[in-house]
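Next up: the structures, one after another.
You will see two complexes here that share chain A, one where it goes with chain B and one where it goes with chain C.
The block that comes next holds the complex of A and B.
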């Protein structure tokens, strides 16, 4: 009568490796210096990426699952997981150079970061709503601690705001999850998709209410307007290394959850797409308009993260095949360009408040390498053609446009024109004649940051010229149509 | 049915007290009433193990912690501040009534996706055995993942309460090593420090 649980190690291995890094940072922190632990964590992240690559299933192969489908190591999970690992490695590498200045260079920082990555991978690999929720909570709790960990008033304020608003978001999400379970009687993505497959699913009101609450909860996590209010304060108040992590890895994971839930489980459910469309329109307007008026560069990047949430979420409006591929491509590109830009801020800032946009004037004459790299990142964020940001935006707009969201696509194009202004103004200032005294932090070597920035900029350039290097893996619509399983 | 209505009404009264009370201790006691009534609801649905856990964990452990914190932080004085947002009570009341109406409509049109007999059979009288078996077979991964969640909460809380000392990193040179006791932006004049 007792059925033994369906335990398989291989699909769980990428998550277990990261968790091992987190636990070893917690325990070995008493014996080893922090930089050694960071190196161990970097190696474990690489191993985790290798384990994910081994889970890739070719055409015709069934994806590896475990725990009766609670854990799905399908190709979508592998691709999103690799993006998460890339962002986490950027954050760890940058922290090697800047953690001491940010007063974060202790083992607990690494431990919390790796716990957060464990949660993000659980979301990407989830096969039912409960696992997704627990992954989200692990990630959120660890992120609240990361944002607060620096011993300063700014960080404490940012962490408390993040904690309070994030908890409300989680509560809304759990309520929505309960309503969806009540409407469909299933927690697994596949079961929900099957229960909502008919044209008139039972308990329609409950299903719509649950889907909208889920949308609001995820809206908090990815910072869709009007749920974005915490984003600028948290991203600009937290230490820059943490902002890098929060605005890349945490956002990628929240989008992975949205993709699983809305692109997989609820793809047949009515009404959420219309609501999402309105949220995206509000996000595009608010994010881009607020970015125009920022004077602090770090805060401008925070608002640009809100604006990019709008662009990224447009991919969710496409058909699962096209939209999933667009989102997968854009998420990696977004991670690389935002990560590289914030890495430069972390290296050059005098204080954790970041630097003013006017301080960037003439940076080319003082730090030519950083200036050129920052200009490339800003051009990519603005979506200028030789860089990968252009292709990501194009794919997202195309996915929404082809599914009939014409006016939203027009609004997004207009918004990205407005975005040119606030991205290219600092980019031009970089190359202006240098008349002001240097305002950058003058001390120290930054080998790891230089490596991160070089790799990030090289990647966005190469992916912009040869997008198929990454898009070729994503392009198969079957990957994204099977998000919920069969 | 009568038990259900009574317990439901008690849970609602407790919830209203929790929200409306100006004294934090009263609010916590209202929450006790709600939690006990919900435990009674579980018992009336023959989920006996869940009812016992609800009483022991929520009404027992967590509420006692709440009360301890309220007493320790001296938060048991009534709140006298005014809400800065106008009409928030009225709006919340109207919204609550609309929500209650919508939920009532949904509740009366609800069709259970699982046949009731199937659910009752799976419950097996709500004993600990049925709950444990489900936790360790069907919900094994969430069950294990929750332990990671608790670990994160513990490590995070300890790290925040006793912030460790930053370790020098070897890449910051001599001048950079001297960490200011407080972040420089709080002492430096606006506009940054001239080099």
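The block that comes next holds the complex of A and C.
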């Protein structure tokens, strides 16, 4: 007898709302101006966030699932999904002010962005490797287009680099997926986690090989060294609004996938944690060292995104309960502070190449609001105490340290001391006496960018002073220990 | 006649994957690099089918269809990007793309 397919619409609703935005931008783009479409998409993202909030399951409640557990709207998915929506709304708001100047003001921009968000949400809500893979590819393919969309040589170069290295990453990841399936005979996270307990030696070899290939594939997507080479070129070559989206939302989603796969399905598999620890050490050294030598502010932020990948990935080394909560907190803070900093770059830059660090000198005397906000973002990125970046770093280091990664934690602390240099140098230049003529883009009202920056900076300040506003929701270890399902 | 054991298929798929990886690392035209990536995807498909047969599980076979669809979508996007580049520069040699560095 055939059983009917298990289709539940409630756990799908947040994803469907975003997909509706993507489809309507594709179809209505012929009839409506782009700003109207962006407004519609912003409303749909808010509705999607509300739908996620309704999916929150209290203590003792089972999370909603669909397709026999392939799609899981558990609390981890809700928390990561809300972070993704926050980053996407920042990107859309900033694009209201900058897209026209960046020659990106087409309905296609909105459509591609919303398709990418659909993919990112699928990753966060995934319950098996196939759904995760579909989400990852939908996200990646839309991001390749976003990076190329601007009709300029820089954007095309960054798009081709992103596409070639990204598709190699996807291929490696898919091969790893095939090997893990061969070792365990299951594609669902729960099935893999159950099968990793009693494996024959032959299958154990397949599992380790598959896990390492998955790690390399995800390494491409989140920019772990030595798979990070595309990152600075893509983030600095793409239009700044797109870089904002790629360095926040896409990275959050790739980390959500890593958390699901390594924190859930493969949590009992051997060897991947030792390999990850080496990759993190390389990322911390390469990312922070390269940031020290940058002269262009946008490119420095791109390398700082690589360095932050190292800090974020440390949370994956913790026990699932502690590490998941640390990663969830740090991802939101990272999204807010990087988003706000790149929003300021997008507003002030003269060309899409961004501005030189030396051009920031005396910004306080020309744009006091932006200067103070940028200083706050840089202090938070550096991990200075009143801001939320400090607590995020602290949680990630603590998660790795308590699970026995002592030397890596020491390396990370040293790396963040080095990071102080390259974050605080531009921050101090902002308040130097003003001797150079202004090099910012002079014109224009930027209400949407101002709103984004104000909200972002307010959020990192409030979350730094009262971390429990967000961490309180994440702190329950049960959320992160059931990542793979029962 | 006995069917060939799964290890043969997995070994072949590993070989295909390695050839694809070598192609990506050594070829300098975007089209050839892209073709090598497709070879890697097909290696994964062969492994998935072989494992699905040995486990007697259909999920692996359905996964192959999804990977094929993803590969087709990737072709569409990838060729569009390569054509856009070719129109501007009359070449698809990736060594020409070196404006962004540092």
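In this text, the second predicted complex is superposed on the first by the 481 of 486 C-alpha atoms of A that agree within 3 Å, B and C clash if a C-alpha of one lies under 4 Å from a C-alpha of the other, contacts with A are read in each partner's own complex, and residues count from 1 in each chain.
Keep in mind that, in the parts below, contacts are C-beta pairs under 8 Å (C-beta built on N, C-alpha and C of every residue); 3 or more make two chains touch, one makes a residue touch a chain.
Fair warning: this is a prediction, and the values are worked out from it, not measured in the lab.
Undergrad: Is A:299 contacted by the first partner chain B, the second partner chain C, both or neither?
TA: A:299: touches chain C, not chain B.
Undergrad: Classify the contacts of A:185 with the two partner chains as first (chain B alone), second (chain C alone), both, or neither.
TA: both
Undergrad: Pick one for A:97: touches chain B only (first), chain C only (second), both, or neither.
TA: So A:97 only meets chain B here.
Undergrad: So, A:446: does it touch chain B (first), chain C (second), both, or neither?
TA: first
Undergrad: For A:236, decide between first (touching chain B), second (touching chain C), both and neither.
TA: In the superposition, A:236 contacts chain C only.
Undergrad: Quick one: classify A:144 as touching chain B (first), chain C (second), both or neither.
TA: It touches chain B and chain C both.
Undergrad: Looking at the overlay, does A:154 come into contact with chain B only (first), chain C only (second), both, or neither?
TA: Touch partners of A:154: chain B and chain C.
Undergrad: Have a look at where A:19 lands relative to chain B and chain C in the superposition and call it first, second, both or neither.
TA: So A:19 only meets chain B here.
Undergrad: Comparing chain B against chain C, which has contacts with more of the residues in chain A?
TA: Higher number of touched chain A residues: B.
Undergrad: In the overlay, answer first, second, both or neither for which of chain B and chain C A:163 touches.
TA: Only chain C; A:163 stays clear of chain B.
Undergrad: Does any part of chain A touch chain B in one structure and chain C in the other, and if so which residues?
TA: The overlap between the chain B and chain C interfaces on chain A comprises residues 130, 134, 137, 141, 144-145, 148, 153-154, 182, 185-186.
Undergrad: So in the complex, which bits of chain A are touching chain C?
TA: Chain A reaches chain C through residues 130, 133-134, 137, 141, 144-145, 148, 153-154, 156-161, 163-164, 167-168, 170-172, 174-175, 177-179, 181-182, 185-187, 232-233, 236-237, 294, 296, 299.
Undergrad: Mind pulling up the chain A residues that touch chain B in the complex?
TA: Within the complex, chain A contacts chain B at residues 2-5, 7, 19, 23, 26, 33-35, 66-68, 70-71, 96-97, 99-101, 103-108, 111-112, 115, 118-119, 122, 130-131, 134-135, 137-138, 141-142, 144-145, 148-149, 151-154, 182-186, 195, 202-203, 205-206, 209, 350-353, 355-356, 359, 437-439, 441-447.
Undergrad: Chain A touches which residues of chain C in the complex?
TA: Counting only chain C, the residues touching chain A are 10, 13, 17, 20, 24, 30, 33-34, 37, 40-41, 43-45, 47-48, 50-52, 54-55, 57, 59-60, 62-63, 66-67, 70, 73-74, 77-78, 80-82, 84-85, 88-89, 94, 97, 99-102.
Undergrad: Tell me, which parts of chain B touch chain A in their complex?
TA: 102, 105-106, 109-114, 133, 136-142, 145-146, 148-149, 151-153, 155-156, 159-160, 163-173, 175-176, 179, 182-186, 188, 192-195
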